[in-house]
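Take this structure first; my questions come after.
We call the chains A, B, C, D and E, going by the order they appear; numbering starts again at 1 in every chain.
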């Protein structure tokens, strides 16, 4: 049932119950352990890491009355971001990105958020720590966040994801600039493959943000009962952020497209340089070789041959011709190494 | 009347009647045989393979009161996917893809689905086995599927087709990656033709999915009496899948477009290498040839000529000049094989 | 008044009157001849070939009360396809294409169709025979067509035009494939001009179909009193055909765009081959020339000179060096003809 | 206040008053002269050439109660075509194009049209004569035009402008074809700059037509009280013309874009030719030079040296080698001049 | 809290109070100083330079009841231009551009405008002097501006920003033309990087204007209570200006895109020239070298060797061959320096 790479050994289920007065956190060791649990507070946030154990999903699905399609979508972690409205809950799929500093590449996980009247469920394959800041805000002593409904919590989670997009954007931008330097100084075909790889990563990021932008636009405009008018103002705000990320991402993509031109121009420049070196060499040696050939002819009557200085005069003419031609090239700026 | 390649010798007509209690399957040998048949169950699925016999279509059209245009569209197997609503049935055209592992190319057939209040008709030129899994689900002892109406059956058939699109996508993706390796290692014009062929196949696939996406979008949103609200949720789900396939297909198309750049860059890199070899050779031999020419001059007074070591000194100077130049190239990294 | 090339000497006016019982055809020699004519049947189709005689248009315009703008548009045969609705008639402009097999190019004529309550008028500059099949269907003994209204006749005429578009498409597709073969085997600048010519023809065809597609879409959706609901179903059908032609036309245009890449790559491949030949030649002759130069030096003490086999040894070394280098090239696959 | 190039020395103000019975034309020498003028007929057309005298605009603005923004827009002759509706008049900005046959370039002027209930005001910086034909139609004895309202006059003026766009289009098309010939026969960088210049002019033309098309579309659809239903039919007609010009303009732009490819291919073809000449020369001379070198070696025992025919044999071998190689090139078609 | 570069040391807060009778200006040294201030006139404009002191924003936010999201957006100076409507005020974000003549690059600042019923607040990080002209108009003795409401002041501020866009456009256009000259005369890879930099600046400018255009379109059409119908006419006017700037910007971007072609063509032209020089040199020296080689052969019987003029005849033949070939090149126009 679980479609996608398995990245976590054992599911980890955390329940955070909260209301204006306080927070209760519970880490369930097993499904059985959770059965005896009684609700402590008005609002709750259930977070699940690890999706490959189908019994967990089935149990949660049963308790929160999740539609079979929603359960299927949560388990299939290759979903495109989307938002589906059901009678009792709003189902939102988004993607959470990480940057692997070693391979200098983006990795991403699906984040499923189910927002009900008094609960939020979140599902991820891998524990990324992306939501730790939100947990901190819930735990904070005078946490204004606890006073808000679960819709504000859902907003805070989405906001966290969008903030990460800005970080990813910066990483891509840095990589693009490094590639530009390399394209100008050391063009080679491997670089082209690298440019295409980064282009592809920018595209993957774009594909995660683009539908989310549409989702946020819709959610922030229409009152569907799950988000209050006040929270919708905040959704509007992260909608603006997604528009901003997308625009900046276009800049990065433009830069990467320009890189190809720079690379090709760099390669063709190198060809010019090489042909130029060949031309210069030919130019410097050909006249000298001809002169040597001339004085190597076997005519009985030839000037200079008997002259004791003849040999040196001939060498001088060779050197002179080369010097004249080198000077001509010098004036045309051809002797620069570039 | 039949427009398109004939791929099946003889039409094969199968009737599957089903309701919550069970399934009855009948394979009709001929049209005449079918005339005496009496309905056994509430719901039925009539499947036809082979479309070139016009009497079969005419008979079915007459019995199910299909509009002449629908009959024409079923027989013309070059249709673009579309969905037309008639008073008594919904007519849907889609395409079923196969991957020929030998020629590494996609083949496709038109699938016509006619969904009535209590029947589903399907028409294909060739028996592909694509629907076998659906038949199995109908036959299954506790087949939940039999409890659903014919609209759910139509959904299941469309779902099967869309799942195949993902498989085709993977095949195209593999081919694109193979071509990338080849473009980097062995660029040749035949490769360019191959890249264009795969590009064309990706386009053919896209053209089959794009209109289907629109059809699914429309069917999943509007209640036209043929699909229940519950089934429409499932249509929405495969609509999401088509959007996902289309996006991934764009990635493959981008990759194929990039391939052209890689190919051209690979070719131009090769030109650079060849000019470089020419330059290196010229550089190593020209000075030596000049020196040989100099000592071949016929001046009476020339240094070294009488020196018993003169010949070897001259050879040494030749070798020295070549070595110095080779070293210069070495430092510029020109002696790499690439 | 007539704007466009004159292709017909003398206008030819044919009147076909028809109803469910039969058909009456009249060919008018002159305008005067037509004045005494009395209507024989309920429905009529007046066809005019040749538009440069303004009195014909004026007379017809007066009798059928055509708006001055419509008359002007009929005479200006460079119109973009369009559809204008007037109180008493629907005016439709489309284009009829022919393929000139000699020059391998498309030619096109404007077809103006005026659909009234009980008449259809058609105007063309040239008698192309495109509508002959429709005439045959009207004349057929049990002609179901005669039972339909003039709107069905107008549909049949448009259907005929759209079917021709498929033929044109095939012609363009064949030409594109021929050009591809030529680009791979014999790239030359004239080919590029030819590619651009075919691209332009594909564009001309597209421009004729694109607006017609919109017209058919509108006419098939909205009831404006000229087309019955039943005929509108048929219009929908040819609308689908125009969408299909347009998509296939995009494929041809893609192929033509790819041709440019193939052409350029073919040219650049040829450059590589030529530089390679130059390099191989230089490589084979330079060492030999150097060796000849060495043994041409005038040192008093040189090895081998007195050896009776010396000359042959020198030639052997020359041949050996060339062979070694040729072998090196052989391994790099450089001695292939391409 | 006047923004734009000043092209006229002195403003020229002409008043044409007309009704069904006749026309009265008055040319005002100065603003003062106009103050004593009394209206003669129902409808009037006031035309102003020359916009740099602010008092003229102020006076006209005051008399016809033009909004300050309208006055500003009339004086700023760099406006984008637009149409603004005010309570008492419709304000339309369009551009009038001329083709300078000497520099082969387009020039354009802003034409401001103010259409009131019984007047039309037109403003231009330069007297182009573009409206002379309209004046003639007003003056014509049985001038049907005089019977129409000022809205028809405004239509006639716009029609005149749009007709000029067709002429400009033809000029651009001719220039593009001339450039194509030159790109194939004499590619040079100045040509590239010329191609870009024509591309830019096509863009300038497009920018003048595109917004006008939108304006005509809006005016022809909506009844805003200034254009009668009948005149709106005529506006629809010129709307169709603008669509047609825009499409043809796209063809010209495509052709110009293709020109770049032709130019680059022509340049790269030339490179191939030059490398080929180099290769042919090297091929013809290298073997001969080697043979000369071989017989220049100083071995004591060498064949042919004592043969009185030896020299001629050697020359024959040189010529033979060159002939064989030339024949090989001939077969590969390399000796064509192209 | 402040996101963006800090460009100002100390916040500078200026209050301009105005009504039809006059203006009162106050520069607050500190927040405390402002606390004792009493309103003098009906309408006020509070301008803040420097945003990094959070207490200033907090105080102003508290007094004018700004929503926390608005305060956040004002401090985050990397916002995309946008317009948000709140109950008591309209919040508008735009960007103010400057051209740094030394580095020849654009710099930009965020301008936040809060328009209330009787006040305008403006926030900028840096004091650019952009609004000085508006202040002058407010101070002018017969200042018509003071009679208008704060909405007209907000319009005037936006108008000032849009006027600056035209100046930026001219700067970019000049830079593009300089680059074109350089691409034709001195192509080098650094130029390509420069072209890309200017392209990027044009994009940055476009991204500032594009959303503003949408904002102005919306504000000028809909009555939301903050802008009067009269002021909305003026907003429509600057909306037209933004459309105009955007179109001209597209021209500049087209020109920059063409520059790449010119650059690449210039580089490839240079390659042709260099290969040509190589070919000419080879052509001039190869025959001469061959002739020298021929007369350097050691045949006993050779013509001319004993001829006292032989040497000079040989030199003449060498010169003659070179002359003939040079003439051939001359006719092909190959000896031009270009």
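Simple rule for what comes next: a contact is a pair of C-beta atoms (placed from the backbone, for glycine too) under 8 Å apart; a residue touches a chain by one contact, two chains touch by 3 or more.
A quick note: this is a predicted structure, and the numbers were derived from the prediction, not measured.
Novice: Could you work out how many touching-chain steps separate subunit C from subunit E at minimum?
Specialist: Tracing touching chains, the least step count from subunit C to subunit E comes to 2.
Novice: Given that subunit C and subunit D are copies of one sequence and touch, is their interface built from the same residue numbers on both sides (over half shared) or different ones?
Specialist: Shared-number fraction below one half, so different.
Novice: Nearest whole angstrom, what separates the Cα centre of subunit A from the Cα centre of subunit E?
Specialist: Each chain reduced to its C-alpha mean, subunit A and subunit E end up 27 Å apart.
Novice: Starting from the mean Cα coordinates of subunit B and subunit D, work out the distance between those two points in Å.
Specialist: Inter-chain centre distance comes to 44 Å.
Novice: Spell out, as numbers or ranges, the residues of subunit B touching 2 or more other chains.
Specialist: 268, 271, 275, 278, 282, 289, 293, 296-298, 302, in rising order.
Novice: Is the chain-to-chain touch network here best called a line, a ring, a star, complete, or other?
Specialist: If you draw each chain as a dot and join those that touch, you get a single closed ring.
Novice: Across the complex, what residues on subunit E touch subunit A?
Specialist: 67, 69, 72-73, 78-80, 82, 84, 188-189, 192-193, 196, 199-200, 203, 207, 260, 263-264, 267-268, 270-271, 274-275, 277-278, 281-282, 285, 288-289, 292-293, 295-298, 302, 304-311, 314-315, 318
Novice: Okay, in this complex, where on subunit B does subunit A touch?
Specialist: 180, 184, 233-234, 236-237, 240, 243-244, 247, 251, 254-255, 258, 261-262, 265-266, 268-269, 271-272, 275-276, 278-279, 282-283, 286-287, 289-290, 293-294, 296-303
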